[in-house]
Structures are given as structure tokens and as C-alpha cells.
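Before anything else, here is the set of structures, which you'll find just below.
Look for subunit A in each of the two complexes below; its partner is subunit B in the first and subunit C in the second.
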Partner chain A sequence: MNIIGVAACVAGIAHTYIAKKKLILAAEKAGHTIHIETQGTIGIEDKLTDNDIKSADIVILAIDIQIKGKDRFIGKKMVEVPTEVAVHSPTALIKKLQEIVESVEVKK
Partner chain B sequence: MSITRVDEVFNERLINLNMNAVNKKEAIEELTKNLYKEGHISDSKIFIDDVYLRENEGQTGLGNHIAIPHGKSDTVKITSIAFGRTKNDLIWECPDDKPVHVVILFAVRNVDKTTVHLKLLSQIAMALADDDILNRLLKTNDKAEIISLLSQEIS
Partner chain C sequence: MGSLQIRKHIMTGISYMIPYVCAAGMLMVIGNIFGGRTITDYRQGFSIADALTTLGGDGLGLLPVFISTFIAYSIADRPGIAPGFLLGLLCRANGFGFLGGLFTGYLGGYLVNYLKKSIKVPSFMEGIVPQMILPLLTTIIVGLFMEYIVGIAILALTDGVYTLLMSMQNSGGSIVLLGVILGILSAVDYGGPINKIVFVFVMQLMTQGIGTPISVLISASMIAPFGLTIGYFLSRLFKHNIFSNQEINALKSAFLMGCCQITEGSYPIILNDFVRITICTGIGAAVDGALVMYWQCASTVPAGGFFALPGIANPGFWLLSLLIGSFVFAICLQFLKRKSTEETIEEELEQQLDLSSLKISGL
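Take a look at the complex of A and B:
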């Protein structure tokens, strides 16, 4: 499964980056590819390209604030959670994403 | 990233492995005192008020006995972190309701001339995503090891 997403917390200092790393560790452990953009005090880093978005199976937004460029994901399967969920239960969250992608495929 | 830069945001003088604090308030005060002593903040009271502003916006306990309060404040002269550990059970809002033993206080300048220090802070935060690192932070008595554990993501 090809996962993309954005992490952004209130202060944009710490939780954004912990959430990003937790998601990457959990996704890679489960054998998925993942690319997470961060929107923090420092600005946007690891920005998702049009190609990243086009080839993604699902979008995870781990965010506590309004993010820039949410409209980029229109038409994609998308899950939005607070950063806290990504920080505390990354493995369960990745599993949930997989279930969503698979259930849609079965329906097809 | 040069070693000098890491040393500016985090060094052994900013690590206290035997905090006396018995609650969250005292832990924040103890670490703030350390930042003040090192000349990283100019006013402890204003800084603590700014830390509590952030506390009101959401929990800073990460679970697994670790908390990361942070203050973005005009009184911060050098964007940096202070690391404190205590044997006492600190009650702190967190996802797993475990008592906190390690407190990492982030002090962030309101306006930074460069993003270098903020970048370092984000990389230190990323190290905290690794449970093995958290477990070592709770146990080791070697300050140099704490710095190397937290510097793992710094490139």
C-alpha cells in the first residue's frame, strides 16, 4: 500500500515530527511505502509532489490545525485524525488505513 | 550539522538526572531555572506563563513516562531544550495515564534569525518516536548517551 499524508500540530515544534516518524516506523514495519509532509513553525518540509499524490492509495492527515493545500487530496481516500492518535497508536492507525483501502477494493 | 550547533541547543549542562520535583509545576520550574542559569531565557516567570499557554492547548505527555512541555516566548534568547528526570511519579496529562519520569522542556524563540535551531529541535522530537530510545532515556545515567540518543535523527 502506498500511503501519503501530512502532519501538523498546534505549536508546530515537536508533535508534528513525532507523529511523522511514528507513522513512518509503523507503515514500514507493516511493509508499506509512506511519505509524510510536515507543516510546522519551520515551514513545509518533505512536500508532497503531484506524482506522490497521484500514486497514493490513501491519505492520512495527522493534524490539529487547518493545513495548507488540503484541496490537493480531493478525490482521494482520506483519513483525518489528531496528531495524538498518530503518536500514541500508529500501528492501529496504519492497520485501519489498510482495511479502508482493502474494503474499497473488494467493493469494486 | 556541526557539533557546535547541537551543543547550542542541547548539552550536558542542560541535563538534570535527579530532579527534586514532585509534580508537574515543580518540574517545569526546575528545568526553567536551569535554562535561566545557562542564559537561554531572560525571564523565568514570563517563560513559565508561555509554557502554560501551550499546556492549555493540548496534552504534552507522550505516554511511556515522557512529557514534552514547550514554550514559545519573547523571553527565550536561545532556542534549546532542557532534560530532566526524577524518580518521583509526576502526574501529567498523557494518553496512557502512566506517571511521568522524564520531562524534556522545549524553549523556542518567537523570532529566530535562522531555522537551524528549530530544525534541530524537530529532529530531536523525531528521536522520541522510537520506543527503544525512550526506554534508554528512562534508564541511563550517562549524560553523553542521552545526548547521542536524542541526536540520532540529526543529519
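Take a look at the complex of A and C:
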């Protein structure tokens, strides 16, 4: 499964990057590919490319604030959570994402 | 329409505001350390310290504008910026303060969003809707509402408080009670409109030669940053962890600014748990105000935190009042404050996934 996402917290110093790290670890452990963009106080880092977005199966937004460029994901399957959820339960979150993707595929 | 996401928008505003408050606050602190004074006439010459103090002070003075702009931006995107900015200016000019700015940010932002959906024009006119109609209409509607409806309520409140304080000052015996009230009113809105009303009142008393009330205000304004700092060390002592790492970071600059009687640095922590921390502030400031009044620590300087000390009578007792007040705050904090979201890197066990926090779209 191809996961992309954005992480952004209030201060943009700590939670943003912890959420990113946890999501990547959990996703790779489950055998998915993942790319997370961060929108911290320094600005956007690891920006998602158009190709990343086009080839993604699902978008995960781990955000506490309004992010830039949310309209890029219109038409994509998208799950939004506060950063603390990504920090506290990344593996369960990734599993949930997989369930969502699979349930849609079954319907098709 | 969905949920209004009130919390998310204030958090976005604050995330933009943190670097701003740090920069402006530190400018003022550095300026004050080197004896900077606010410049009123640039032709009369000024020092570097004066320039820093003035710029920092102006910056903090514009906080209502800043927060109003970015909350409106968070809600309504680009069309929110212009009305948010203008309405923030209105709050600043009227003395509605930071809380006023929060309020206009929300009102302006939601109104822009509403108008965006409801205004229908012929297609050749579509270009001018975000350019002119949205910002202009929003600013007029919210602006007049603030000036005529909210403004009148705030003015009535101001007059009421003023009369009450005046009668207490004149009745002599209730001087400690006056200290309690002044302390609470100075501190509970962290430099907002109530604090400014008290400032006008105590300033007037100071020019009449009664310097204790303004001394209460200086002291009470420092209760929140110092109380939080002492509260942090107490919580370490009791191994009762109530501060998140994010808050501990914010605390450092909050403390430094607190030394100069700038309360704004504490906002990032206070807003995480506004009601509970404000209860602590009220109690701590009440004790502090009563003690400053009781020990008659009159001041001849209107502001400046520790840098006002040379102008304060009985400075030792003044410091003691501040210390006791902050300790009271810190102890209340141990019972009331809850830890906000925290990172637990070492924790291997995962928490149950909270499904209610998931928002799924695009299926």
C-alpha cells in the first residue's frame, strides 16, 4: 500500500517530527511505502510531489492546525487525526488505514 | 456546515504567533535590561536600547491584530486576512485587547466563509467578490457590531469597575481587600482589557501620589510566569509530571519575559488549560496583591517588572509578596493543572486507537 501524508503541530518543533517518525516506522514495519511531508515552524519540508500524490492509495493527515495545500488531496481517500493519535498509536492507525483501503476495494 | 473547529483555528493562530511573541518580547527584554525607554519623539535622539524597547513594545501592542489576522486566515484562507487585520486594529484602538482580537478573528473568518457561499453574482463580476466585496462587507458588519454592541458592553464594564475601585480606595479600611481585588483584576486576563482598565485607574492614583496600587499591578502581572516556573520545579520535586515538553520549552521564554512584567510569553502554556490555570492565577494574585498593599510597597515607576525595583519602596517585602503569591499559584497548580498532550518516545505499549478522532473522507 502506498501511503502519503502531512504532519503539523502547534509549535511546529516537536510533535510534527515525532508523528512523522512514528508513522514511517509503523508503516515500514507493516511493509507499506510511505512519504510524510512536514509543515513545521521552519516551513514545508519533504514536500510531496505530484507523482507521490497521484500514486497514493490513501492520505493520512496528522495535524493540529490548518495546513497549507489541503486541496492537493481532493478526490483522495483521506484520514485526518490529531498528531497525538499518530504519536500514541501509529501501528493501530496504519492498520486502520489498510482496512479502509481494503474495504473500498472489496466494494468495487 | 460541519463542526466549527474552534480549537483548531486558535491553535493555527497561536502557531503563527509564537515566533512573533518571542521576537517582540525579547526585543523589549533586551531593551529594558539596558535601560531602554519608549521613544515618543524620534527627533530628540535615542539609544539602541530605546529603539529595541520601543519596537518590542509596539510589537506586543499589535498582538490583537496579529491573532485576529491569523485566526481569520485559518478559517477563511486568503480572503480572511484583510478583514482579520482591520478588525484587529479596531480591537487595539478600542483597547479590547488580545481576547477582543480572538473574538474578531473568529467572527470575521466565519462571516467570510458564510458570505463566500451565499453571495451570488453574475460571472463577469466574480473577480471582485474576493477582492473587494468579502473583505469590505465582513469588516463593516463585524466592525460595527464590535464598536456599537460589544464596545458598549465593555465600556459599561469599565465604568462599573472604575467606580467600585474609587469608592474602595476612599473608604480607607478596606485597603487589603482592595489589594486582593486589584491583584485578581490585574492578573486574570494576562494583560488584556481588564488589566488595562486597572492600569488606567492605578496610573491615575500614582500621579496623585498613591503608589501602592500600581505596585500591585506590576507584581500581579508577574504571578503567572513565575508561578508556572515555580510550579514546574515543584512538580519535578514531587515527581508529579504536569508539564509537556512543549510547555517546558515555552516556559523558558515565559520566565525571561516575566522578569520584565511581560505576561504574553505565558500564553502558549495558559491557553492549553485556560480555566484551571486562570483559577491559580486569581488565587496567587489575590494573595500577592493583599501583601503588597499590606506592606505599603509604593511604586513611582509605572511598569518594568524587576527593572522597576529601584523605584519601589520596601523592595524586599515587594519581592517577598511576589514570591509568596507565586508559590500559592504553584501549589494550586499541582492540584489543578492537567498535562496536555505529550510525547512518549520510550513508551513501547501503544494506546488504543481512538476511533472517534478519525475523520475519513473521499471514499
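We adopt the following convention: the second predicted complex is superposed on the first by the 108 of 108 C-alpha atoms of A that agree within 3 Å, B and C clash if a C-alpha of one lies under 4 Å from a C-alpha of the other, contacts with A are read in each partner's own complex, and residues count from 1 in each chain.
Methods note: a contact is a pair of C-beta atoms (placed from the backbone, for glycine too) under 8 Å apart; a residue touches a chain by one contact, two chains touch by 3 or more.
As the structure is a prediction and not an experimental result, all values here were calculated from the model.
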{"item": "Fit or clash - subunit C, subunit B, common subunit A", "value": "clash"}
{"item": "First (subunit B), second (subunit C), both or neither touched by A:R72", "value": "neither"}
{"item": "Per-residue touch tally on subunit A - higher for subunit B or for subunit C", "value": "C"}
{"item": "Subunit B versus subunit C as contact partner of A:V87, first or second or both or neither", "value": "both"}
{"item": "A:L25 touches, of subunit B and subunit C: first, second, both or neither?", "value": "first"}
{"item": "First, second, both or neither for A:G43, with subunit B first and subunit C second", "value": "first"}
{"item": "First, second, both or neither for A:A14, with subunit B first and subunit C second", "value": "both"}
{"item": "From 254-262, 308-316 or 326-334, the subunit C stretch with C-alpha clashes against subunit B", "value": "254-262"}
{"item": "Overlap of the subunit B and subunit C footprints on subunit A, listed as residue numbers", "value": "9-11, 13-15, 18, 41, 64, 84, 87-88"}
{"item": "In the complex, subunit A residues that touch subunit B", "value": "9-11, 13-18, 20-22, 25, 38, 40-43, 64, 84, 87-88"}
{"item": "Subunit A-touching residues of subunit B, taken from the complex the two chains share", "value": "54, 57-59, 62-63, 68, 70, 72, 95-96, 106, 108, 115, 118-119, 121-123, 125-126, 128-130, 153"}
{"item": "List of subunit A residues in touch with subunit C within their complex", "value": "9-15, 18, 41, 59, 64-66, 73-85, 87-93, 96, 100, 104"}
{"item": "Complex interface listing, subunit C residues touching subunit A", "value": "8-9, 11-12, 14-15, 18-19, 74, 245-246, 249-250, 268, 341, 343-345, 350-355, 357-363"}
